[in-house]
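Both complexes below contain subunit A, partnered by subunit B and then by subunit C.
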Partner chain A sequence: MSDFQRFLAKRIGIAIGLTLIAVTIIFVVLRMLPGSPFESLITAGNLTQGQVDEIMALYGLDKPIWQQYLIYLRNILTFQFGYSILQSQPVWDILAPKLANTLILLVPALVTTAVVSTLLGMYVGWNRGSKAETASIIGTTFLRSTPVFITAIFFVIIFSYTLDLVPAFGMRSITATPDGLLDTYMSMDFLHHYILPFTVTVLFYSGDFLLLARNGVVEKKGSEFLKLHRAKGLSENEQLMRAGRNSMLPVITYFALRLGMIFQGLILLEVVFAWPGIGRALVLAIQQQDYPLVQASVFIMALAVIIMNLVADVLYAYFDPTVSVSGGGA
Partner chain B sequence: MSTETITWRDRAATVGEKVQNQLAFVLSDRMALVGVLVMVSFVFLGVFGPMLAPHDPIEDDIRDDEGDLLRLEGPSSVAPLGTTVYGKDILSQFLAGARPTLIVGLFGGLGTGVLGFLVGLVSGYYGGWVDEVLMRLTDLTFSLPFMPMALLLLTFVTPSIWLITVIIAGFLWKMPARVVRAEVLTLRERTFVKSARASGAGHLRTMFFHVAPNVLPIGFLYTAYGVAWAIAAAASLAFLGFGDPTTTSWGRMLRMVFDSGNIRVAWWWVFPPAIGIAAVTTSVFLIGRAYEEIINPEIQTEQ
Partner chain C sequence: MSLLEIDDLHVTYSTGDGSVHAINGVSFDIDEGVNYGLAGESGSGKSTAAEAVLGLLPENGTVESGSVTFKGQDLLALSERERRDVLWEDIAYIPQSAMDALDPVMTTGAQIRQAIQTHRNVTKSKARDRVQELFDMVGLDPDRIDDYPHEFSGGMRQRVTIAMALALDPDLIIADEPTTGLDVIVQDKIIDKIIEIQDRIDSSLLLITHEVGVIAETCDELSILYGGKVMEQGSVDNVLVNPTNPYTMGLKNSFPEIDNVDEDPVSIPGSPPDLSEPPTGCAFRDRCPFADEECYESHPDLVDLPNRNHRSACHYVDNAAQMRRDAGDPRTWGIETDTASDGDHERGEVILETDGLEKWYTQSQSLLDRIRGDEPNHVRAVDGVSLSVRKSEVLGIAGESGCGKSTLGETVALLEEPTGGSITFDDTDIEEYQDGNMKAFREKAQIIFQDPFDSLNPRQTVRRLVGEPLAIHDRDRDTRARRVRETLERVGLTPAEKFLDQYPHELSGGQRQRVAIARALVLEPDFLVCDEPASMLDVSLKVNLLNLLRRLADEEDIGIIYISHDLASLTQVSDRLAIMYLGRIIEQGDTEAIVESPKHPYTESLLRAAPEKDPSVSRDRVLLEGEPPNPVDLPSGCAFAPRCPKAQDECYREEPGLDAAGGPNQSAACYFPVGEDPVADDGPATDDAGTGSTPQESD
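Moving on to the complex of A and B:
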């Protein structure tokens, strides 16, 4: 086994371990803390003891806790999330379309912001001390440090309520009844609702990429290899492209990390824009104490983070020759 | 070479001088200066705000001369920043709301900074299995998504401002921990650390007196960032309805206006808390960025 394979095996092992621990924590939080969702059902008093037992048996709550845990593990790790308590539908049938709605908003936004802000960051890093640099730093610092729901509210007030350009919330008009995928995601009506949340997402994440790329270029600017390129007679732009290429690594790994946190980061955006995504579904499910739904959505979010962390680590080790793959150790 | 000849006072004096120099440098950055001014006014509001409030933010109703309740009225002489849909004075809510925001920010930030600094220091200094255990622990907090987990915890226990602070620090310490560890790893092999050990300083002494002062700037930086993160996180939780129900925080004000569906009309209700939070979090990062330019020698190239 090469060093890299050994490193890969270790990271995958760690990811599996983390998944098990995360899943266990979700179980403990949901079962051990006082106030199970069924309690309210039982204390409401409309059920006979027989009916209560029947419901408990249906959800496996009559078994000892360790058995419940094993059943839970088997189910959740095979993506069998059970039935929603309130909506009497399989959890997966409820969550899958929400997950799609979230991804359709976030993946294009993240790709856009990664490309645009990285290029912009390289440009302002190269022109250090310029007005453009100062302006872009103030702008992106404001955008990335302000909680995203506040930016979203500002945008809704300006573009929906004041200028009346775009709808303030939802994913489509109430009257629209799209039919089929193409119609759902490719119509003008959808696009009209899409543009505002998309813009806010792009702006919110722009700061991190811009600063990473800027710092990367600033650090590289005085380095030897650039002096060589200058001596070779390359133009400013050609030099910038080479400095930029050498500072891509943090940007790439950062992109992977962000992709993992994507769901959780935008719970707030989905709430402000009433975007029917998985984050908003989670908030609603928590409010309604629909815990199979809560459990499944938290699990999906945790899994996304774990997998993308793994990808980021591996990318970093693969692309950066200065990272020792045998681990940091003594 | 004995380390004992350096007295406490000398140590304090050099640190003090360093801090003074860095402070002067930060203040010479115009963006950071604005940030400092905003933070000073924020702290002032946090301490004295509730006393300055002309009305009780929750108890008092605002009425006009005829004694009618002023619901959702724009700014007027009776209520300079208008009233909420329940007829409460927004200026008073804004002034009183600064304090819980400050408390969460200050203690959440301190908790994040101190915990993360210690974990990073110990992990990087000792290495080996200590490092392995602590780093897997940080991996774990990285893989537990903050928002969903915090929401989950707060549904089962009544949110209080202190509980929220603890949860936030419990999730955020991983950020400084990783950075401080990376820094300590490079310091550990430096000559002055080795000579301290060779001259008989114990592990604890070497760690706290020789290694720690060199990573302190990063610790400060991340404590400051921790303040902004904590304020943003607490406001976000409050906005989703998971804030302390007994206090008026800026986040909770935004929750109220959003929930009552009045964002469209009541700009005077939205802007004070929204601008307050945005100004504070942005200021922290502007100051932090200026400070980062000083302590990170790699981005300090001639301009």
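Moving on to the complex of A and C:
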């Protein structure tokens, strides 16, 4: 087994451990919430005790807690998320489209901002002290520190209500009834609704990447190896690329972690734009104590973060040859 | 026509508070095939000159006037693009710190290939072949071109940069302090390599260094710079043998040499000039003992000395012979000499003694190995060291980087927990101190670190930095103020008031190191560990520091351990020397005895590796093969045997004890000491070679 394989095996082991812990925490926390999904029905007097027992048995909620836990573990780790209690549909049928909606909005936005802001950050870091640097830092910090729903509302006011360029909310026109995947996500109507939340997301995340890339390049700028690159006759842009490559690590790590967190959606943004994403679905499910739905969505979110962490580690080892994969030293 | 002509170059840096006139009219020519040296203290403008030639000045640096002509082409008039074509194709560059000069995320081969492919239109495989050829040329394994810089040691990285410089057969190689930061043995090998190769490809070399000795051994001509002015220039043989400028004399005299144990090097007092204004008078006037009004009025022009290649900028060139005589005497420079430092002073009682001291670091193991209960691997940084230090004695510890000398210092100062052996401090076993009494130990034993830039908190004033130990040890406010002031003056920071409210960044390197020393001394310790305190300092500052430590030992009865790879300064300051190799002491004894007749072959090669400042003296190099072995997986027998020119079978079988050779004042762990013929028969060798190594006996 090579060093790298050993490193990978170790990291995967840790990821599996973390997943188990996360899953357990979800279970414990949900069971600790007061009440049950049927509480409101019972207090309203619509159900008899016999009916309640029957329903509880149907969902397996009459079994001892450890049995529930084991069944839960088996199911969730095999991606059998079961039925939503309140919506009487398979959980996956409810979650999948929401998750898809969230990802189709956030992933392209994150990738775009990662590429554009990082390049911009490298450029302004290289030209330190320029007006472009000051402007971009102030601009992105402002966008980052303003709550995303405020920015979103302003954009809606400007571009939808004042200029009437794009629709203010929703993912498609109310009258549209798309058929099939292609029709849902590739229509002009969708794009028309897409552009505003996409822009807001891009701007919201831009500050992080810009600052990371800029700081990295500023830090590397005076270094001896760049001087040697310069002495070798590399052009300004080639030197900048080397500086950028050397300050890539924090950006990559941050990107991978953000990508994991994207599975949680941007709840506030989804609310403002009435975007039917997973963030809104989760809030609703917790309110209604819809155990299977909450369990499944939290599990997916946790799993995404854990997997992207793993990816970040692997990328780190790949991009930085000095990272000791054998885990020696400390 | 000369290859490179620099004429009346002026360079300034703009800083937050005005401009710094780094170079104020420097002119010199380099002919084809000539090795040219630029020498001077830090701040003399020597690196700036090289950067101006290469067009690598930082953004705040500007060439104000003057010209740089390379093969008849004005380099300063070139556009960015034209300059890029000249760089590396014609002028290559060997950077200062090999540790940071290579791109850490690019393989070494790719970096050299990049240099080739930027300038020549060749295929990747052709370029790779060339890289392998270059690796072979500089003595690196050609199969390692796909390794990353961190997989090489410091000396090997410097070889990579040399290989890179050679890639396109340039006409001129500019080497900016190519060996600073490397230890003597590696430095010697690198210099040897540069000369050998450069002879072969017949290029010119511009070598920038503060070590006069390196120039004396490698260059044909040189310029001595001070305050951005050329003080003296000409052929190395003339300038260094018969200097006519007081600065050259001072620089040469302050360069310590190993062989002259009795002769103290003479430092140049004072600090480099303030260059916020271009110098009006002679740049050196404030520190020159021979200066008078004329020197304040105008900077002397370079005067050609009759009948030889030698120019000097001094108003009193005619008195050179007289000045040379006077300059050898420390009193000329206003330095008090204390006759006590003749080495015959009383040595006090033993303050620190170690017996078989060990510091092993455990390497991390995989889970599987741990479950199987395998013995983990150890890095034996310090492996059975027995030594003793008396009060008012300086014990020098020398060795290559990685030999464990710094770990030894830290372990003795209890900054690292020893893993074996014992330490007795002030007649008390160290465990008694560790048993809740560390404060008492720390009060008596102090350590000074290598880097005065990192070891001082940048956000504290000198008053707080030096006063902090007193506060920790509960001295009252008045005592604190008084002691801080006294200690600062003791280390030569006078008047103390001037420094009390300054921050470290406002001080020069030498002053910072003095603050670090003051902080160690303020508690009036009995014992001091100095870990390479002078390695970042210029020669004259280095000498100041050595003299200060010597005085502390002599006058204040402090026992000092001085750790360094620089044998020349060690021999100046130490009463006794201990030479370390891979965690063990392989030779120890009186400084004079060791310098005059080293017994261990390793000691001999260390001594031989130091450059000679007098160009008329030739020196036999003893170049050691290879690098020190991996301290995890030590060979059985003598650890030095694989690199030892005299090693016999016996050396591989069993490790010699420290009593294997030597006399009353000296002992060495070697079966076949230098100066005695190897006798293979009557060694104490046994046939079954033990897997473990025999622990050393104490002296």
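The rule we apply is simple: the second predicted complex is superposed on the first by the 324 of 330 C-alpha atoms of A that agree within 3 Å, B and C clash if a C-alpha of one lies under 4 Å from a C-alpha of the other, contacts with A are read in each partner's own complex, and residues count from 1 in each chain.
In the analysis below, contacts are C-beta pairs under 8 Å (C-beta built on N, C-alpha and C of every residue); 3 or more make two chains touch, one makes a residue touch a chain.
Keep in mind that this is a model prediction, so the values were computed, not measured.
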Between subunit B (first) and subunit C (second), which, if any, makes contact with A:L228: first, second, both or neither? second
Between subunit B and subunit C, the one with more contact residues on subunit A is chain B
So, A:I158: does it touch subunit B (first), subunit C (second), both, or neither? neither
Once the structures are superposed on A, label A:I16 by its partner contacts, choosing first (subunit B), second (subunit C), both or neither. neither
Under the stated touch criterion, which partner chain does A:V218 make contact with: subunit B (first), subunit C (second), both, or neither? first
Scan A:V111 for contacts with subunit B and subunit C and give back first, second, both or neither. neither
Subunit A residues touched by both subunit B and subunit C? 222, 328-329
Across the complex, what residues on subunit C touch subunit A? 54, 56, 58, 80, 84-89, 92-93, 95-97, 100-106, 114-115, 118-119, 148, 150, 161, 164, 363-364, 366
Given the complex, residues on subunit A that touch subunit C span 6, 222-225, 227-236, 238, 242, 245-246, 319-322, 327-329
Of all residues in subunit B, which touch subunit A in the complex? 31, 127-128, 131, 136, 139-140, 142-149, 151-153, 155-157, 185, 228, 232, 235-236, 239-241, 254, 258, 263-264, 267, 270, 274, 277-278, 281-282, 284-286, 289, 298-299, 301-303
Sites on subunit A touched by subunit B in the complex: 14, 17-19, 21-22, 25-26, 29-30, 33-35, 128-129, 134, 137-138, 141-142, 144-151, 153-154, 156-157, 161, 168, 215, 218-219, 221-222, 261, 263-265, 267-268, 271-272, 279, 282-283, 286-287, 289, 294, 297-298, 301-302, 305-306, 309, 328-330
